[in-house]
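Multiple structures follow.
Shared chain: chain A. Partners: chain B in the first complex, chain C in the second.
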Partner chain A sequence: MTVPAAQDSAARESAAVAGRGSGDAGDDRAFWRSKTTIGTAVYLVAVVAVLFGGSQFTLYEGTLIATYGIVTVAQDWIFGRAGLVSLGPAAIMAVGAFTTARLSTEGWGFFPVPLLISFVFGGVIGLLIGIPGLRFRGLYLMLTTLALQFIISFAAEQYQGVNREAGFTVTPPTWGSLQLANPQPLFLISVILLGLVLLGLSGIHGGAPGRAWNAIRQNEAAASVLGINLVRWKLAAFIGSSAVIAAAGSVYAYQIGQVQYTTFSLDLSLTLVVMVFIGGVGTLIGPIIGAVGVVLLPQGIQEISNLFSGMPSVSGWLQLNEGIVADGIYGLLLLLLLIFERGGLVAIGQRLGRGAVAAGRLAVRASAPRIRRTNAPSP
Partner chain B sequence: MPPAPDPLPPPSPTPSTARSTAEHPGSGPALLEVAHLSVTYANGARGVQDVSLRVGEGEIIAVLGRNGAGKTSTLRGISGFLRSEHTTVGGQVVFEGRELRGAGPTKTFRRGIVLVPEREKVFPALRVSEHLHLAGAHGVPPSAPCAFEPLERLRDRRAGLLSGGERQMLALEVAWRSQPRLLLVDEASLGLAPVVVKELMSRLRSMASERRTAVILVDQDASSALRVADRAYVINHGQVTWEGATNTVSAADIAREYLGTSR
Partner chain C sequence: MSNDVATIVINGLVNGCIYALIGVGFVVIFRATGVVSFAQGAFMVLGAEIFASLVNDGLSTGPAAILAAGGAFIFGGLVYWLAFSRLTGAEAFITSVATVGLGILVEAVVLLIWGPAIIVIPQLFSYQVHHLVGQLGFSNIDLFAMAVTVAVFAVVLFGLHRTPVGLRMRAVANNPRLAVFTGVNVLVTSTLAWAIAGLTAALAGIVYLVGTQPDPGSIYALGLAAFPAILLGGFDSIPGTLVGGIIIGLVQATVAVYVGGAWQDVVAYGVLLAVLLLRPQGMFGSPQVARL
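And then the complex of A and B:
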C-alpha cells in the first residue's frame, strides 16, 4: 500500500529539479504529528461525551468497542508490524477472562490484580504460540495458531465442565464503596487501558523495536544480516500482543459478568482478525475502526430493520438473521478491500485526504502566477 | 571454447587440502580460517565439496567462479545463513581462533562477521535514514556522515526508489556501520555499470585498509574484484581449483581458469 505513495513522491521529486524533494519527509512527519494530536483530541472528546452524555447502553457499547479495540490493535502488532500470523485472539482473551473470573472469586479480586495477572498469563501463552512461530511461517504458522484456538477452547470446556456447568460468575470488583463494574467506571477503565496501549504502541512502533519488526516483516534474511535477532523480536511481538489481548479479556470478563468457553469462539477470533484488515493493517487507527465495526454493525442492522417497520416480513427477517447479515457484510467488505485497497478503510480515507490536498494545491497554483520551466535542451 | 593455452602462473592448480600459513608470507595470523568446508542441501545437492581458505586481518580476498560453482554457499556457510534451511555444513570455520561452524546468523554477526547478500539487501519501504537507524543499534549514531557520500542527499528517499548502485551503496554502508571485523560481499557488481563498480570497489578498499577490516568479495566479474583484492580463490564445482596473489594473474587468466578447465 505504500508503493503507490512512494512512486508518487518519486515522480514529484524527479519532476522538481529545483530541489524541493527533501521537504517531502519533513512535511510528512509534521502531518503525522498533527494527526496524532487530532486523534488524541477526538479520542478524549468521544470519551467525555460518552461518559457524561451516554445512556447505559451507549456506555456498554463504548466499553465493548474499547475492549475489542485493545484486541485488534494488539492483533495488528502481529499482522501489520511483525508480519506474523495469529488466528486465535478470542482464545487469548479467554485466558484473561477465565483467569479474572477465577481470581475474583478466590479472594484475589482486588481490582488491578486480576487484570495484571491476566496480562502476565497472556504473555506466557504468547510465548507458547511464539515457539512454533519461530519455526513456521505463513500458512503453517496460521495452522498452529488455529490449533491453539481449539486447544484452549477444549481446555476451557473441560475446566468449566468439571467445575461449573454455567460458567464462572465474576465477582464485581470494588474500591471501597465504588462498584468498578458499573457502566461508568468500567468504561473509564477500558478507555484508559486502550489509551495506554495506544500510547505505548505508538512509542514502540515509532522507535527502534518498530523498525526491527518492520525490517523482519519486509525481509527476514536481510534483517538478520543487519544483526536483528529474529528469535527475540518475533517472540517479543507474540508475548506483548498476547499479554495485551489477555488484559482486554480480563476487562471483558468484568463487563459480561459471566465467563463461558462458548463466548470465545473461533467465530469471534475470525471477526476480530477480519476487522483488523477491514480497518487498515499496519496503522493504529485502522484496528480501532475495525473494533467500532464489530460492535456497531449488528446495531446498524437493527436500526435498518426498524426502518422497515412498515414491512414486517423484511424487518422480521433482518432481525432474525442479524448475525448472518453482519457476517455477509464483513465478508463482502473484506473481499472488496482485498481487491481494491489492501490498506483497508484507513487507506481509503488517506486517499481521499490526499486527493483533497492535491485539489487544494492545484486551486492555489492556478490562482497564482508562476514561472514555467522549459524542457529545452541545454546548450 | 578454445582450450586454455597457457597454464596459470605459479602457484598454479594446487589441491585445496594441506595448505599451511607459510604459503602466505606477510599476511599475519589468520582472522578466518576455513578448512574442508562442505555444504550439502536438504535435497542432497552439494553446494560446496571441499573449500579451504584463509583471510588475514585487513586483507581483501576475491572468491571467483561461475554460476553454481559454490561461491555463495561458501559465504553462507561462513556466516551461518544456512542453519535454518536443513542444510549440513561440514568442515571447520575458525574465526579469531574459535570454531564458528553451526553458529546462526545472530551469533556470527555478534562476533563481527557481516554479510551483504546478493539480492534483497535493503528494505524497499524504509527510508535510507531508517536503514541507518537500524544499523545504529550497534554503535554508529544514525546522524554520523555516510562513508558513501552520495547517500547523504538521499537520506529521506525510500530504499525502493534507489537505483541499483545506490542500493548496493546503502547495503554496504549499513554493513559498514555494524563495524565488521570481516565483511562478506556477495556479487557486489551484479547488474551495475562498470564505472559504478569501480567506484564502489575503490571506496571499499580504502575503507577496509582504514579500519583493518577483512573483506571477502564473491564475484563472477573477475576484473572488478581482482582490482582491489590481495589474493584470489577460484572455485569450480564446489572445490578450490586455484589460489594465489592477484598481482600474478590477469582477469583473463582467471576467467580461463573457471571457464575452460573443468576437465
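And then the complex of A and C:
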C-alpha cells in the first residue's frame, strides 16, 4: 500500500473536522451501504408492497406484526439495552387498549388523541414499575413484573365488571369520511408508528443514552462509579418503553375492535417476551423478526399441513392443533437459541450470510485465473 | 370453631401443602444450580397427566403416583442434563427465560398428547371425614395431601443433612467451585437436584389433581402461583418454603371466604410485592438472596 501523498492530507484534515471523513465518493457509498439506510429502504419497500398489493388478510397480519413489533422493540429497549427483564408487556398494552376503548366511546375518540393519552398513561405506569425496578434487576424484577401482570389483569377484569362479558367496544376513529380502522389506513398507522419508534430508538441507542444503558446492563456498580445516574436512566428506560407499549396497545385496540381483559393475559406477555429473544435481543431488527416469525408461524404450519394433504390424519391433526404446535415450537426454539445462539435468528442469519459470502469468495478465487505478481510489496 | 374458620384452616393447609411441594423442588434447583425455575408448573402437569392415565387404566393410587413421580424424576434430570447444564454460568435472567421456554414447550407437548380438557379420574378416596381437632373435618384427600407433604419434606431434609449424597448437594449449593475441587461431580449432583424438583412438582400436581378436577392449564398456572409462597419463605430455604406455603394458603383461604374467590391470586401477588419491597430475602432466606 503506497503512502498517501502530502497534498491530500490537508483536504483530509478539513474533511475530518467537518465530520465527514476523507471526503470522496467512498464516503457516500458508506452512507448508502449503512445498515440504517438499507434497513429503511427494505422497510419502505415492504410497507408499500403490502399496502397496495396485499389482501385484507395480509394487511391484517401486517398490522399485527407492526403492532407487536412496536412492543418487542420497546421491550428490547429495556431487556437488551438496559438489562431489565419484564414479564408484563401485555398488561401495559391493556392499559393503552382500555384507555383507547373508553375514550373512543366517550367522545374523545378523535385520532390520535387516544393514542397520545395511552402513551402518557403508559409512561405513568412505567414510572410506577420503575420505582421498585430501581432496587432490583434480573430475577426480582421479573417477579415484580409478573406480579404486576396479574394485578393489572385483575384490575382490568374488575373494571370490565360482570355486566360486560364481551368487554368494551372500540368506536372506530374517523377523519371526516376516512375510516381509520379499515385495514389499509390502520396498517399505515401501525407502520408509521413503528417507523417513528425505530428511528427514535436507533438515534437514542446510538448516542449517550444508549451507552449509559449498555453500561448499566453490563455492570451496574461500575456504571454508577463512572458517574452514570442509575436512577435517571433506569426510570427513563421504563417510562419510555412502557409509554411506547401502551401506544401499541392503543393501535391493537383499533385492530381487535373489542377490548377484554382476557386478551391481555400472561400468555400474551410470554409470547411477546419470546418474540424478542427468538428474534435477537440487543438489535433493532431482531425483535421485529421475532414478531414476524411468531405471527406467521401458524400459517407456516398450515402450509406444512397442506404438504401432507396426502396423509389426511397428519394434516388434519396439524390443522386442528395449529396453535399448540406453534407454541411448542416457540418454546423449543427459545430454549435452543438461548443455549446455542444467544443472538437469536438475527445472529443465525448473519452467520449464514457470512458463510454465503465466504463461500462466494472461495468460488470466485477458485475460478479466477492465476495472476503473476511482478511488483514486490512495499515494506 | 365456626364453619368459616374450619374451612379456612383446612383449605389453607391443603393449598399450602401444594405450594410447599412445588416450592421445595424449586429451592433445591435454586440452591444447586442457581436457576430460578418458572417450569415447576410444567413438571406438575406432566406428573398429573401421567398419573391420570395410569389411574384411568386401572392402576391403583399408590403405584400410579410412584410411577408418575418417577417419570417426572427422570424427566427433570434429563432436562438439566441435556439443556440446563449447558447454561451454567449464564446470567440469571437468561436461565429463567429458558425455563419459561421449557415450560411453554412441555405445556404444548402435554396438550398435544392429552388434550386441554379437564382431567377426569375415578374417585380414588372415599369422602369420609375425620374429625381430628375439634370441628376441623379433614377428608381423606386432605390427609393424603398433608401426608405426602410431610413425607416429602422429611425425606428431603433427611436426605440433605444425613446422607453423603445430600452432603454433596449442599456442597454444590454452597460453593460449586470448591465442591469440584473436593471431588464432587457437579453435573451428577445438579442433575439429581433437578430430578428431585421434577418429582416433588409431580407429586404437587397429583395432589392438586386428586383434590380438584382441573384442566392442564390450571395446573400449569399453579407453578407460577407458588412464587409468593416461595418468596415469602425465602428462595433458598427449604423449611421456609413450607412455612411460606402454609401462610399464603391460609391468607388465600381467608380472602376467599371473607372477600371473594377472585381476589385470592391478587392478594397473593400483593404479598409477593410486599415481600420484595420490604424484605426480599423472605422470612428464612439468606442475605445473599436479598439482591437477585
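Convention: the second predicted complex is superposed on the first by the 317 of 379 C-alpha atoms of A that agree within 3 Å, B and C clash if a C-alpha of one lies under 4 Å from a C-alpha of the other, contacts with A are read in each partner's own complex, and residues count from 1 in each chain.
Criterion: a residue touches a chain if its C-beta (ideal position, glycine included) is under 8 Å from a C-beta of that chain, and two chains touch if they have at least 3 such contacts.
Everything quoted here is computed from the prediction, not taken from an experiment.
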| item | value |
| --- | --- |
| Which superposed partner A:Ser224 touches (first chain B, second chain C, both, neither) | first |
| First (chain B), second (chain C), both or neither touched by A:Pro132 | second |
| First, second, both or neither for A:Ala208, with chain B first and chain C second | first |
| Which of chain B and chain C A:Ala358 touches, first, second, both or neither | neither |
| Contacts on chain A seen with chain B and repeated with chain C across the two complexes | none |
| In the complex, chain B residues that touch chain A | 81, 105-106, 109-110, 114-117, 120-127, 129-130, 133-135, 137-138, 153, 156-158, 160-161, 174-175, 178 |
| Chain A partner contacts - residues on chain C that touch it in the complex | 36, 83, 86-87, 90-94, 96-98, 100-109, 111-112, 221, 224, 227, 231, 262-263, 265-266, 269-270, 272-273, 276-277, 280, 291-292 |
| Complex contacts: residues of chain A adjacent to chain B | 2-3, 6-7, 9-10, 13, 21-22, 24-26, 208, 211-212, 214-215, 218-219, 221-231 |
| Complex interface listing, chain A residues touching chain C | 85, 132, 135-136, 138-140, 142-144, 146-148, 150-151, 154, 157, 266, 270, 273-274, 277, 321, 324-325, 327-328, 330-335, 338-339, 342 |
